[in-house]
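Comments concern the structure below.
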Amino acid sequence: MNERILVAEDQPHIRALIQYKLRNSGYQVVAVEDGEAALKNAIESKPDLILLDVMMPLMTGFEVLAALKQNEETRQIPVLLVTAQSSESEVLKGLEMGADDYVTKPFSPNELAARVKTVLMRRKKK
Amino acid sequence: MTEVLEFMFGSYIYFVTAFFIGVNATYTILLIRSYREILAYMRHNTFSNYRVMVQSELTPPVTIIAPAYNEEATVVESTRSLLKLNYGNYDVIVVNDGSKDETLNVLRREFSLFPSNQLYIPTLETERVRGIYKSEKPEYRNLMVVDKENGGKADALNAGINAARYEYVCCIDADSLLEEEALLRVMKPFLEDETVIAAGGIVRIANGCRVVNGRVIDVALSTKLLPIFQVVEYFRAFLSGRMAWHGMNGLMIISGAFGMFKKSALLEAKGYNRHTVGEDMELVTRLHKIKRDRKEPYRIVFVPDPVCWTEAPESARVLARQRNRWHRGLLETILLHGTMLFNRRYGVIGSAAMPYFLFVELLGPLIEFAGYLAVGGMFVAGILDVRMAVLFFVVALFYGIMFSVGAVLLEELSFQRYPRPRDLALLLAFGVIENFGYRQLTILWRVKAFWDYFVRGVRSWGAMQRKGFAEAAAS
Amino acid sequence: MSVELIIVAALAVGATFFVVVVATGLLINKVAEARRSKKRERLYQFYSGLFADLLLQPVLEGEDGETVRKQYESLLTEVKSGLAWSPPAQKLLHRQAIGSVLIDFSSDLSGESMDRLQYFFESFGFVQDEVALLKSRKWWLRAQAARDLGLLHAMSATERLTSLLEDSHPDVRNQAMQSLVKLLGVDSLRPILRKARNISRWTSLELSMIVKNFEEQAYPYLIEALSYPDQSVVLFAIEMLSETGFVAAVEPLMNVAESYPNIVVRAKATEALGRLGDQRAETLLHRLLKNPYPSLRASATRALERIGSPSSVPILSERMQTGPLAERLSAARALARSGERGMVRLRVAGEETDQTMRAIALHVLEEIEGVGA
């Protein structure tokens, strides 16, 4: 069974790249372009992992994350944050709020895929 | 008898004509200067990566002060959106100015506030502070509520300045909606030039826009008439007025809806003046005066893109009250600082900005009003050269239209915040229509301000009703 | 009368002309722009997808760069032949879309993908175009080209960019500076910081976002910069060093805090010492607490708050007793961080009869312990 991944990213080029990369790595990918859609989709379809960009219109990644963690049904879904440039406090804030891991821009696609894989593996072991 | 009348009216008409030419020449100069300033700003600004910088923690911390008076309907929502801004490090102080409604209790309930032992140092004199509140919840740790006895907006702002921890203070209206990067954008001039002591952002009208979670996500025009007229007016005031004055370091107003100040400059000036309804303009004028008296280098700037959205009055009654208050504020500021007029010591303020505000902004409506009366009088006396009068009226109209269209042009050359061609067409159309009725109405309101001030001795604020953004968006 | 009439008529005609021309021009432009931007967006989307795919196509590692480069080039064949056949106007639009997609990718990607982007950019001839723009007479075009070349890691433009460090327009200098740091890495800091003059705080913030990525490699250059002649560079170095927690920076910073000719710089250095949290600075800080300059005293108190060492308790409790209220408050704050003895001292002060003293102590205790202290 292929894991389903929800990708929320507002910039079309990065969204396309992440989508292709994860598809090539054998996952089912759904991509949305803003925070609200991400939250809606997460609640409806309960993906196995959510990849959230921090800077997004309508709802920021943090707001989506907070909402996900408050909802009984989506609390368990692992979340991977994508943050712009190395900003330590953002990363810490994200991890404190319950994100499982993070990727900072600029990132390499291979690194991203590797992180997705480890997060999913960790979940399986539990 | 007829000859005397003819002479009187006739010379008044000549006076009005001369005045009219002067005013339009001034507007033309301002429009051209604004155009150059905006172009320079736009070019300079493309090289700032706000998306990255907004996450920097090295940006200087800011205290935001939002005074609230009887705002129980909106205060929670607006505070919440203030707490969500994107900026390195900032505090929010909401000052409850002795509201008669539930403003304080709503806040206490919503943000789990407790009475705090925070030391309050009354550097600026204000009405009595009844208490300071902070939140029990760690996520609201940068929120403070100051509860004080009623003393007006300036008084509330002064109390907020007393409680502010940081060197930069941002004063806003309780119902202002700031865009996410607005704080950073208005902070930038301070970081580029150490001598900047105050910066104002542009104010735009939110009626008709879609607001979600305290953010404006779709910019559109209202379906009601009055707000659209005001959009054109705001373009004229901000884009083709303040931008030009900014270029000459002669900016005399920073809108009370959104302005950033160095706290040290505010304390030097002893804060806002509590005895005027035009406290925002009075403060900036006074800052100019102080700095020029001391011959210290300084700059007061206007930044055209940190956007503050505000709800404009939709009923003529409320709008009339607002304009009446603005005009009284302008009058009071000029009466208070009349000594700066034509005083060479005050540079561009004394020689250009002050005269502009006195003759064009303050007295303009009065002169225009008297012009209409004179024409009427001449018509009754049967000495009106109808052909001439009509022609004059036509020219005046066309110039009114020209400057409105010019302001829309500036918007389109720069920020283009209204994406739909339909909205642009509407704005242009309203730039024409406003000269038939709306313009005369605003003149009437402003003339009434003189009456209220000098004859009735009115000195207070007129109340403003707010709908609240959530409701406004839903309706 | 007729002269007046002619003047009036001329004025009216002038205004009408302006209004009609501007209004129709704006409307036509808006509609056309809406269409163009839709088209641009479509193209952007299309090339986003296309290049996302090209960036992910597997490439065989070769022994030399040449084999890899050949594979990169072969990825582009299709796009290039498509471009070659389109009419000039279309071609321009397509090239613009490709350019902005590549630039956007380059600011978000690293690793092998970045190498590939760099190659693509060179191969499409964008680097040449940008280098030509560096000589433009319009400063904003120069600045933009300088920025883009940095984003694209266009090594071939290094020399040109270096000469732009002395450009007449500050924005061009800033962009050239940032691009060079991105291109040449940490070693470029020495020549750049030596040449830099009057960098604004805003620019130094922008620069700090780049330099931060070098981590400890940048420290020696920053320490060296503490002795450069330009004050803004010294301030930048102080600010960067204070974020690092680098112990070797303590001594040089102490020198600056003690004897730099400018008070603002000294205060910054003092505060940086606090951030570094090194106890070696303590005696100096104690001395600065008695300096006649209020800003230095304030910085020293804040620094002691960060260091939080018990040995500061006596002098801090002394400072807490007298002086301007703001200074007493920050002394109390520092005391609260100076170990158990400091807290005890503060609790005692919280029960004193002197009202101000009690208020100060309660204020700080609440900050530390939260509700109901």
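A few points about this structure:
The first chain written gets the first letter, and so on, giving A, B and C; residue counts start at 1 in each chain.
Simple rule for what comes next: a contact is a pair of C-beta atoms (placed from the backbone, for glycine too) under 8 Å apart; a residue touches a chain by one contact, two chains touch by 3 or more.
What you see is a predicted model; the values in this text were computed from it and never measured.
Contact count check for B-C and A-B (C-beta pairs in contact): higher for B-C.
Seen from the C-alpha centroid of chain C, the farthest chain centroid is that of B.
Chain A and chain C, compared by their mean Cα positions, are separated by 27 Å.
Computed from the mean C-alpha positions, the centre of chain B lies at a distance of 31 Å from the centre of chain C.
Look at where the CA atoms of chain A average out and do the same for chain B: the two points lie 42 Å apart. Residue positions of chain A with contacts to 2 or more other chains are 85. Of all residues in chain B, those touching 2 or more other chains are 52, 56, listed in ascending order.
Each of the following residues of chain C touches two or more other chains: 209. Taken in their complex, chain A has these residues touching chain B: 36, 55, 57-59, 63, 83-85, 87-90.
Interface residues of chain A, counted against chain C in their complex, comprise 11-17, 19-21, 24, 85-86, 105-111.
Of all the residues in chain C, the ones that touch chain B in their complex are 4-5, 8-9, 11-12, 15-16, 18-19, 22-23, 26-27, 29-31, 34, 139-140, 143-144, 147, 171, 174-175, 200-203, 205-206, 208-209, 239, 243, 325-326, 329, 359-360, 362-363, 365-366, 370-373.
The residues of chain B lying in touch with chain A in their complex are 51-52, 55-57, 212-213, 215, 217. The touching residues of chain B, counted against chain C in their complex, run 43-44, 46-49, 52-53, 56, 58-59, 114, 116-119, 121, 134, 136, 188, 191-194, 388, 391-392, 394-395, 398-399, 401-402, 405-406, 408-409, 412, 419, 421, 424-425, 428, 432.
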